[in-house]
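Chain IDs A, B, C and D follow the sequence of writing; residue 1 opens each chain.
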Amino acid sequence: MGLRNASEDLSSEMEVDAFRRLFPLRYLERHLAESIRPDGRPLVKARETSIFLGAVASANGSALVKIGSTTMLTAIKMEVMTPSLESPDEGCLAIDFHMPPICSPIVRPGRPAEASPVVSKQLSDTISSSKMIDLKELSLVSGKAAWMAYLDIYCLDADGALFDAALLSAVAALSHLQIPAVAVNDDGKIVLVSDEDGQKQAQEPVNKEKRKLTLRSIPFSLTCILHKNYILADPTAEEESIMETHVTIVLDTSGQLISLYKPGGSVLAYTSAVQDCVALTRQRVKELKSFLDKENSAMEIE
Amino acid sequence: MEYSSDGRIKRGNHAAKMYIIIIIKCLKTLAFTGMVGLSLGERHFIQGGIAQDLRSDGRKRLTYRPLSVETGVIPQVNGSARVRIGATDVIASVKAELGKPSLLQPDKGKVSLYMDCSSTADPAFEGRGGEELAAELSNALQNCLLGGKSGAGAGIDLSSLIVVEGKICWNLYIDGLVVSSDGNLLDALGAAIKAALSNTGIPRVQVAAGTLNDEHPEVDVCDDEFLQFDTSGVPVIVTLTKVGRHYIVDATSEEESQMSSAVSISFNRQGHICGITKRGGVGLDPSILLDMISVAKHVSEQVLNKLDSEIASAEAEEES
Amino acid sequence: MEYVSPEGLRLDGRRPMEMRQIRAEIGAVSKADGSAIFEMGNTKVIAAVYGPREVQNKSQQINSHALVRCEYSMANFSTGDRMRKSKGDRRSTEISLVIRQTMEACIMTHLLPRSQIDIYVQVLQADGGTRSACINAATLALADAGIPMRDLVTSCSAGYLNSTPLLDLNYVEDSAGGPDVTLGILPKLDKVTLLQMDSKLPIDILENVMQLAIEGCKAIANYIREILLENTKQLEYRRGV
Amino acid sequence: MAGKSGATPATYSPSLTTSDKKKKPPLFNEDWVRPDGRAFQQCRPAFFRTGAVNAASGSAYAEFGNTKVIVSVFGPRESKKAMMYSDIGRLNCNVSFTTFATPVRGQGSDHKEYSAMLHKALEGAIILETFPKTTVDVFALVLESSGSELPVIISCASLALADAGIMMYDLVASVSVSCFSKNLVIDPISEEENNQDGSLMITCMPSRYEITQLTVTGEWSTPKINEGMQLCLDACGKLAKIMRSCLKEAASDSQE
């Protein structure tokens, strides 16, 4: 709604608004011709991004991420499970992406949004194929007990680039994750060991060493829209609804390509265009990594 | 008789009014299915009657319709009752099943309330149409009968449902069914549940010797010995419906369609409030609310007495 | 299992050809246009009829005759083991359809074009033969509502267990898995409008069983007629005719 | 990753070593202190912010201690097609919880009871005549819950409605009290709510001094009800001031 605040007189503002609603594509193309986007950004610039760690006090790890007005809240809760027979030394990470009705006018209660299972699947595929987490680190007692990490991502405000924001918040929450110290009690159940618990030294924590996950290569992503000859990075919901060709590229911190989605769309993605997108993503990854590192070091100082 | 142009009756004497009541009644039987819409004249008539303390069916504002109780109507459950207030007809049943108490409250049994609105009562309840009202009634009854979280003010003593602490308890399932509805469903259901509970016999249970400390103690359920429930603590619900500036008890559905808000208050024998719920969105001044509470308290005493005597005579009739 | 003892008595003490106690009451739901309670032993159903009235969903309107709709539901406490019953499950949809088709056959729908008749049946207690009880209750309720009918439909079931034809099965006999014939007839016209049987049964025995069910239906028809007559007399009396 | 084993395995969250059995239910005697150290008649610090969700017509975020709620308002927009004509507007409410809102994971994601209560609390305050034939959707998401969720949702929703420019007679503020034998405790947290003898929740329009919703559970004597109601009404008045100032702030911000 960038233009609404512009200091134009009322009548022309009405016209702009009407034009925008009636001819969204022409409205956008007029902007693109001037190399600017309706919200005032250059074509290849991503929106302002912020990360806030530890947003949910009751969770073991959490993060609140905003990209423009797209907001994601992620929380990880650790629970104990019996590992499966095939992989007795591995824990499990369950990723769920939710779009509650508050996030968008399209979602209504009782009818889950189409996008949410799609993004859930993409996220778990991406995180598993990036080999970011070693599931062995989630093991507690071989064959007996392992961590089940429930990672729930809630979209609080949907304004485009949902996957990017969701991935960033998932990654941020994982980097913030503090695994509680636990011990095995007499019944073979896993119980918490509180830090200031002086008298209960009899129970030795089983996971003294593994209180934080080692994140090996962190994946970051950037979604671009290809329209005619233009490439638009980090689209808003409005832009996504007008133009159909989306390309999402996931790179890890070492610059390796982890995944690339291009779900349909009318514009053929030429190799050159895709390479341009990869280049944009590479820049974006650096930016996001520095954001995340800054947040994490700030947390440590506290 | 004089009518003003919009069909409102000019303030006349009661006799004239009674006469009009009869006419209207006749007209109504001619009409298709009753309630869907009231004409402006009818609405004014109902409101005017309430304002004059003479309602359409000849009652005063704080008079109940005749109430009748029948117990033991459903043979396959542990206790049941049918309560009729005017044309409102509800059935409540209590079924007791052995279960495991929850971990949080190992010394208490569980009571669950489920209400259902039969489509016989109103075509609008067809399919899932009655679910919303049923959920509202269940919630309100839960509020009014089951007391606070710690169990204080509960009509049913949950600790009396325990067989073996932490292991076995009785779970009471209270089902209500609205068969015919003509307003004041909540009071009727509350009364039916109270009657059904006093009709309830819970089989005596013997825990097999030596298994008391096992995880699943063996129990023996007697078929011929029943424990009666103490229902003296079960509150009654009095709903005051505000129409215009006045409030009435036991509103018919015609009167309910004219309400601005309704407050349901449950009272026990001691005259203590056991729960309040409000329906209708229109706001109420706190002082009016307090006034309503004190009126309801007064009414509740009469209702309790009436209900107790009805239950007693119903029980006597069933036994004979 | 032995369903008929050597002395010729059934589990609940009845003779094979004996019907359970039946009882009917008109006008249980005062808001409805017509209503009735019908009991067959421990089976108890309540039926309410709303209409003829304006068609609620205009797309369903039929210009040549009336729209008949039916909903069957069971109370939570109606069966021995308590469970939450959702409306519109398969069984109740099937029974709704059976009742609707049976009643539609006897209502003179062509006299009431562009209108709608709703029949709601609610089972309070189920002890076998709910289908028949529902049809009988619906007949009474329709008659109470003053809806023109060709004849009173009545229904009764009969089965065949331990090589004996049994009239009016209760729940235990019904769930024995033997053949169960539910029959609906128009007694005056002597026509069968409903016949349901879903089990193996030799054709000559079917005839016997059917004949038994027809007898049952006729007995119910007589009772229903008595009840209606009694009701009409009372109405007459109240009006002071 | 979760796809490794077909069905999700049964999980539990590890409890503290100091077994729960030892923890006796708190004694609510004279020298009892509330778990978070507040005085009996002291509310948790309330924080409101409007405009939390850009995609919505209006929205608000509320934080009372660790109870955090977002409410979005959509509309007035077209009613669902199955609805009949109505000359006044419709209000549609829905309350849901995040899976991590409650201590035990994933309890009640959709809360029908709260949705109905929210509807009843708001409908009296909204001037439904101003948007005939259309629907206003009020959706609430409880991000974290630590007691008194419903009052927070209600207050937050009225703020979101105001943010969306829906005509109301007044803001709606809601406060609950818990009763422990003789003591009344305002704005209870979960731990208190789970042990309370009774509860009283009032939803009111403070400027009009009208109660739109009242729910009482547990056993109360009439004077006690009076006391509880007065306590709640006073707190509602104060709460409404905070809400009003939040709205004013937002309005003056947007003017700049």
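The working rule: a residue touches a chain if its C-beta (ideal position, glycine included) is under 8 Å from a C-beta of that chain, and two chains touch if they have at least 3 such contacts.
Quick caveat: nothing in here was measured; it's all calculated off a predicted structure.
Novice: Under the stated touch rule, with chain B ignored, which chains end up grouped together?
Specialist: Connectivity without chain B: A, D | C.
Novice: Minimal path length between chain A and chain B through chains that touch?
Specialist: The least step count works out to 2.
Novice: Going by average Cα coordinates, which chain is farthest removed from chain A?
Specialist: Taking each chain's C-alpha mean as its centre, the farthest from chain A is C.
Novice: If you average the Cα atoms of each chain, whose average lands nearest the overall Cα average?
Specialist: Taking the mean of C-alpha atoms per chain, the most central one is D.
Novice: More C-beta pairs touching across which pair, A-D or B-C?
Specialist: If we tally the contacting C-beta pairs, A-D comes out ahead.
Novice: What is the distance, in whole Å, between the centres of chain C and chain D, each centre taken as the mean of its C-alpha atoms?
Specialist: 50
Novice: Which integer distance in Å separates the CA centroid of chain B from that of chain D?
Specialist: That gives a centre separation of 28 Å.
Novice: Starting from the mean Cα coordinates of chain B and chain C, work out the distance between those two points in Å.
Specialist: A distance of 31 Å separates the two centres.
Novice: When you draw the chains as points and link the ones that touch, which shape shows up: line, ring, star, complete, or other?
Specialist: Shape = line; chains linked end to end, path left open.
Novice: Identify every two-chain combination in which the chains touch.
Specialist: Those chain pairs which touch are A-D, B-C, B-D.
Novice: In the complex, go through chain A and note every residue touching chain D.
Specialist: Result: residues 1, 56-59, 62, 69, 71, 73, 75, 77-82, 84, 86-87, 90, 92-96, 98, 100-105, 108-110, 124, 127-128, 135, 148, 150, 152, 154, 156-159, 180, 182-183, 185, 189-194, 197, 200, 203, 237 of chain A touch chain D.
Novice: Flag every residue of chain B that touches chain C in the complex, lowest number first.
Specialist: Those residues of chain B that touch chain C are 32-35, 74-77, 80, 87, 89, 91, 93, 95, 97, 114, 116, 118-123, 126-128, 173, 175, 177, 179-182, 253.
Novice: Could you please specify the touching residues of chain D with respect to chain B in the complex?
Specialist: Interface residues on the chain D side: 112-113, 116, 120-125, 169, 179, 193-199, 204-205, 208-222, 225-226, 229, 233.
Novice: Name, in rising order, each residue of chain D that touches chain A in their complex.
Specialist: 1-5, 8-18, 52-56, 59, 66, 70-72, 74, 77, 94, 96, 98-100, 103, 105, 110, 137, 139-141, 143-144, 146
Novice: Contact residues on chain C for chain B in the complex?
Specialist: 28-33, 35, 42, 46-48, 50-51, 53-54, 56, 71, 73, 75-77, 79-80, 82, 84, 87-88, 118, 120-122, 124-125
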